[in-house]
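Below are structures written as structure tokens.
Shared between the two complexes below is subunit A, which has subunit B as its partner in the first and subunit C in the second.
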Partner chain A sequence: MSRDPIVELAGVNKFYGENHVVKNLDLCVREGEFLSMLGPSGCGKTTTLRMIAGFERQTDGLITVEGESVEEKEPYERSVNTVFQSYALFPHMNVFDNVAYGLKVKKESKAGIKSRVDSALSLVRMQGYEKRRPAQLSGGQRQRIAIARAVVNNPKVLLLDEPLGALDMKLRRQMQLELKNLQKSLGITFLYVTHDQEEALMMSDRIAVMSGGVLEQIGTPKEIYEKPRTRFAADFIGEANMFEAVAREKRSGGAALFELESGTILAGAPEPFVPGEMHYISVRPEKTLFSSAPQDGFTLHGAVIEHIYAGSGIKCVILLPGGQEIKINVPAGFPAPEAGSAVHVYWKPGDAALIHSDSSAIHNTIKNVDLGKYAGVGHEES
Partner chain B sequence: MKRAKKKELISLLAMVSPVSFWMALLIALPLIYILGISFCGTDEAHNIVLSPTLRNYARIFDPAIAGIYLNSLSVAGLATIFAILIGYPFAAIMANAKPFSKTLMYVALMLPFWTNCVIRLYAWRTILGSNGTLNFILLKLGLISKPLEIMFTRGAVVLGMVYTLLPFMVMPISTVLEKLDRGLLEASSDLGARPATTFLRVTLPLSAPGVFAGVIMVFIPALGFFFVSDLMGGGTSQLIGNLVERQFKESFNWPFGAALSVLLIAATLILVRLYTASGGQLDDLGAM
Partner chain C sequence: MKAPGKRGRRERIKNSVSRIFAGLVYLFLYIPIAVVVLFSFNTSRRNIVFEGFTLNWYKELTKNTALLEAFRNTLIVSGTSTVIATAVGTLAAIGMFRHKFKGRSLIDALLYIPVVIPEIVLGIALLSVFSIARIPLGLGSMILAHTTFCIPFVVFTVRARLAGFDKSIEEAAMDLGANRVKVLFGITLPIIAPGIASGAILAFTLSIDDIVISYFATGPSGTTLPLKIMEQVRAGVKPDVYALSAVIMLVTFLGVLGSQIIAYRGAKKMALAKDKGDL
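And now, the complex of A and B:
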């Protein structure tokens, strides 16, 4: 798999009137990868895709596809194709004509069109539906046709805007796998928009986490999940126990002791280590452990207030004296703390993700926005 | 006593279903009457006589009558074509305009309805007549040496029809274009279609029901609007409407007039049927 950049955004900003919806976005999509843009509704994902496809013009910044600026190119001149959130299938054409549309417009030969449409339809397992109108298809089938209509053009990059958003959960899970396999076998670059973190984790080679128009973090699903760099990333992807902690002293093995309101904990030592500096520390519920005896470095002790059977495991909530609740997920078959009992909470220092402090996020925002230019506009959604 | 009871029954009916009651009374009964007498004959004193006959319908093949039919069809056809050519771009601009300009265009389209149609057609005579404003200006500019004969021609009748009926073409088209999913236009562009291709392959086919609705609402009245032919054509161009009018007001041959009307209604119904069969919504026809 080649790793050259194929789509690049550099310093892209988008304003709708006073509303700053994409903020100094730098993003590099590499050839052949499956890159997801993940973020809550309204964070500017669709707007970003629409700027790449050419339906919106960025207020400033540069967008290049295959190293060439697309500034002057209309959507019909760009070598990307889009799978729309609402599918946007042509209601007055049957399935065949929908899929053949891009080829017909490019005046391909009849025989060529026929064979390419056939293979696109077989790719999405929709042969035999050529004569149907979109209105005669189920949601999942329309979805497949929308994908076939885009991939039949052999785009360099496929932009997908929450393509599975309208499907029910079961179909969605199935389509996720199919899409992923399709992407692998075709080798087309996918820029995939979703607000479903589980979907992004399952399907992507890399994930770009967005919030309020700002790119919070970009990395492999493993990096994003295990080493979230911002509070937002830690909170939005999966569940997290979040602690506001002050660095106290270094310990052996790269760990350090931190002090919370309700006790002390261990986590990986920040570089450089500055005693007294504030950090956010995030620990996943499945990495959070409990014991009846106190553990070295940890003084978190609380009452189990919830003990919920959740099929694949047991979800517990422990209330600390300071009022903070800590979630612990115990896989099925392992002992879980009983409701009402008191337990000590701890984890392996390496399982705690260090987020420097909110000042880093603020610092990021200041760096990203030219305040002189947009003084008084700073509107953030999160 | 008996009357009071009848009244009660009527008001009861009116309450149960006021709309269908008045529909029946005001529309269905006259129609049934028209349909009935279209199969009747007349005596020398122009009285309707009950002797079932198809003669009234057969008269349509009379060369004189057939000539009027053909003339009327061609006037209505031309008016419809021009109404599409002018109305479609107007509707497209209106559908894509900002709310304020849209309202302005809508008002411009509807304002003429505040004045009687006949009076507005007279205005055309003062503009286009041989001593009218247009000829005056052209003569003064030296572009022509003698007045153009515009009024009292078939062209003038077509112009009058287009002028009178244009809103009925614009409204259904702009309604359809406004409802058109812009995402489809983006999808077309995304797939490599230039704007002209997108128009031909997506916008036009999807707005066809609106055009069809407009055609029905322009073509059918254009067959019947005898006053337009009177005022703009001055009797040079006879329409089916003139023929029908004459049967009722001059020749007193009501059964023949009724037969002509029945044929017009039948043509309308067939067109509406074709319209709904092609996926058109009856609501869009009634939207006016």
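And now, the complex of A and C:
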């Protein structure tokens, strides 16, 4: 599979009036990959998708598809197709005419249209529904038709705007697998917008995490989950125990000793190592361990204040003397600390993610700003 | 069975009272209409007693060239102004739905004015515009006048239809390669067609029986049916006017029925689509 860039955004900004919705975005989508844009609503992911499709125009910056600027191209002149959250099927046409629409507009031959629509419908397992109207279909079926209507045109890139957002959980899980398989078998580049982190982790080759119009981090699901580079990425994807830590001394094996408010910990040493520098350190609850005796380098201990049975495991909350709460997930079948007991907390230094110091500096600044002043400034995605 | 009996009786009385009341309302509404239709078949020239059944008045109607001429004028005026008002009103509704622009709410409010101001004021206003602009009074000025007062009604009905319209449907069509013209004619207009049709029928029925505005906008070159009837009634009501009224009533009734059926079907389809879980 070739991995050349197929869609590129360089320095793209989008303003709605005063609202700066997309901020200086650089993004490269590679041919054949499944790239998810993940973030909370209002983070600019849908706007970005709509700019690539041509429904919105960027305020400045460059968007190229297959190396060619799409600046002057109308949506109907672009070689991308979109699957909409609301499906946007044509209510006055039956399923066949819906799927055939793109081909008819391009004046394909009747026989060609018939065979391509047939194969698109069989791809989404909707043969036999040709004569139905969209109103006579269930949500999941409409979703399949919307996908068939887009892929029948053999787009270079398929843009999907929260396509599973309106489905119930079970159908959603099933469609996630189907979509992933479809993408693999067709080899079409998918640019997928979602706010569901689990969905993004499961389906994507790469994830672009966005927040407040800024691209926070882009990487494989494993990178994003295990090595979040910003506080936002660590917080938004999965659960995280977050620490403000000051680097103290280098240890063997690439680890370093850090000092917290309530003790010392070990984590991977930052490069370059500057003693006294502040870092954020994030550790996943399932990587956080406990013991009755102190472990080398760790002097964190606290009281177990919650012990919750959650089926596949046990979730504990430990209160540190400084007031911080730490979550620990213990898989079922392993011993978990009892509520009320006192335990020592530690982890393997390699399991702690060091958060990029730039953004910790920014977050430090933000922390000292009175946020109340800006209450209600946030914007909603259209 | 005692308690429900007492309550049941009260319920029954309540039901029959409301039925009688509703019956009376409809009686008062439809008796005059029924009388007109009945007397159009009366052999007597005077409309006090029904003497016998005849179709003579309908026959006479076909010979009355002045009335037929007025009828032709009415069709020309109503037909033309309906077509123009429907086209303009539909485009206005789509434009106001699609774009947010400065002064949209002002334009919105201004649309209601021709609907709510007394017709006689609108008639005088139009007449003065025609005389200032030196537009000769006749069929042309009447078409202009009728178009003017029909446009808001078309805008309202089309806009009501557009209220449930998902804008991403148009985007989807464009995304699939359709340019703006193809989207308008292949997607938007067919979807809102029921709204356009009921707007057009409403405009036509309003235009065909208009008197007040027509009275001001008319000229020597042509008079419409309602004006002609007014003129004749002044000299006493002849049964052929009854016959004509019956015909007009039939046409209007069919028009209203048609628009109701279209609106009902559209509403049912929309409700069905919503039921099936767009949310």
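In this section, the second predicted complex is superposed on the first by the 355 of 382 C-alpha atoms of A that agree within 3 Å, B and C clash if a C-alpha of one lies under 4 Å from a C-alpha of the other, contacts with A are read in each partner's own complex, and residues count from 1 in each chain.
In this text, contacts are C-beta pairs under 8 Å (C-beta built on N, C-alpha and C of every residue); 3 or more make two chains touch, one makes a residue touch a chain.
Model, not experiment: these values are computed from the prediction.
*Asks:* Using the overlay on subunit A, decide if subunit B and subunit C clash or can fit next to each other.
*Replies:* On the superposed model, which is not a single observed complex, subunit B and subunit C clash.
*Asks:* Let me test your reading of the model: by the given contact rule, A:Asn153 touches which partner, first (subunit B), second (subunit C), both or neither?
*Replies:* Both partners, subunit B and subunit C.
*Asks:* First (subunit B), second (subunit C), both or neither: which does A:Ala166 touch?
*Replies:* A:Ala166 sits against subunit C, while subunit B stays out of touch.
*Asks:* Could you look at A:Lys106 and tell me whether it touches subunit B, subunit C, both or neither (first, second, both, neither)?
*Replies:* A:Lys106 sits against subunit B and subunit C alike.
*Asks:* Tell me the contact category for A:Glu74 with respect to subunit B and subunit C: first, second, both or neither.
*Replies:* In the superposed model, A:Glu74 contacts both subunit B and subunit C.
*Asks:* Of the two partner chains, subunit B (first) and subunit C (second), which one does A:Phe84 touch, if any: first, second, both, or neither?
*Replies:* In the superposed model, A:Phe84 contacts both subunit B and subunit C.
*Asks:* By the touch definition at the top of the document, which applies to A:Leu137: first (subunit B), second (subunit C), both, or neither?
*Replies:* Only subunit C; A:Leu137 stays clear of subunit B.
*Asks:* Go through the superposed model and pick first if A:Phe55 touches only subunit B, second if only subunit C, both, or neither.
*Replies:* both
*Asks:* Please name the chain, subunit B or subunit C, that touches the greater number of residues in subunit A.
*Replies:* Ranking subunit B and subunit C by residues of subunit A touched puts C first.
*Asks:* Report, in rising order, the residues of subunit A that make contact with subunit B in one complex and with subunit C in the other.
*Replies:* 53-55, 74-76, 81-82, 84, 86, 88-92, 101-102, 105-106, 149-150, 153
*Asks:* Inside the complex, what are the residues of subunit A that reach subunit C?
*Replies:* Of all residues in subunit A, those touching subunit C are 53-55, 74-76, 80-82, 84-86, 88-92, 101-102, 105-106, 134-139, 149-150, 153, 166.
*Asks:* Which bits of subunit C are touching subunit A when the two form their complex?
*Replies:* 166, 168-169, 171-179, 182, 187, 190-191, 269, 272-273, 276-279
*Asks:* Touching residues of subunit B toward subunit A in the complex: what are they?
*Replies:* Residue positions touching the partner: 181, 183-184, 186-194, 197, 201-202, 205-206.
*Asks:* Give the list of subunit A residues in touch with subunit B in this complex.
*Replies:* 53-55, 74-76, 81-82, 84, 86, 88-92, 101-102, 105-106, 149-150, 153
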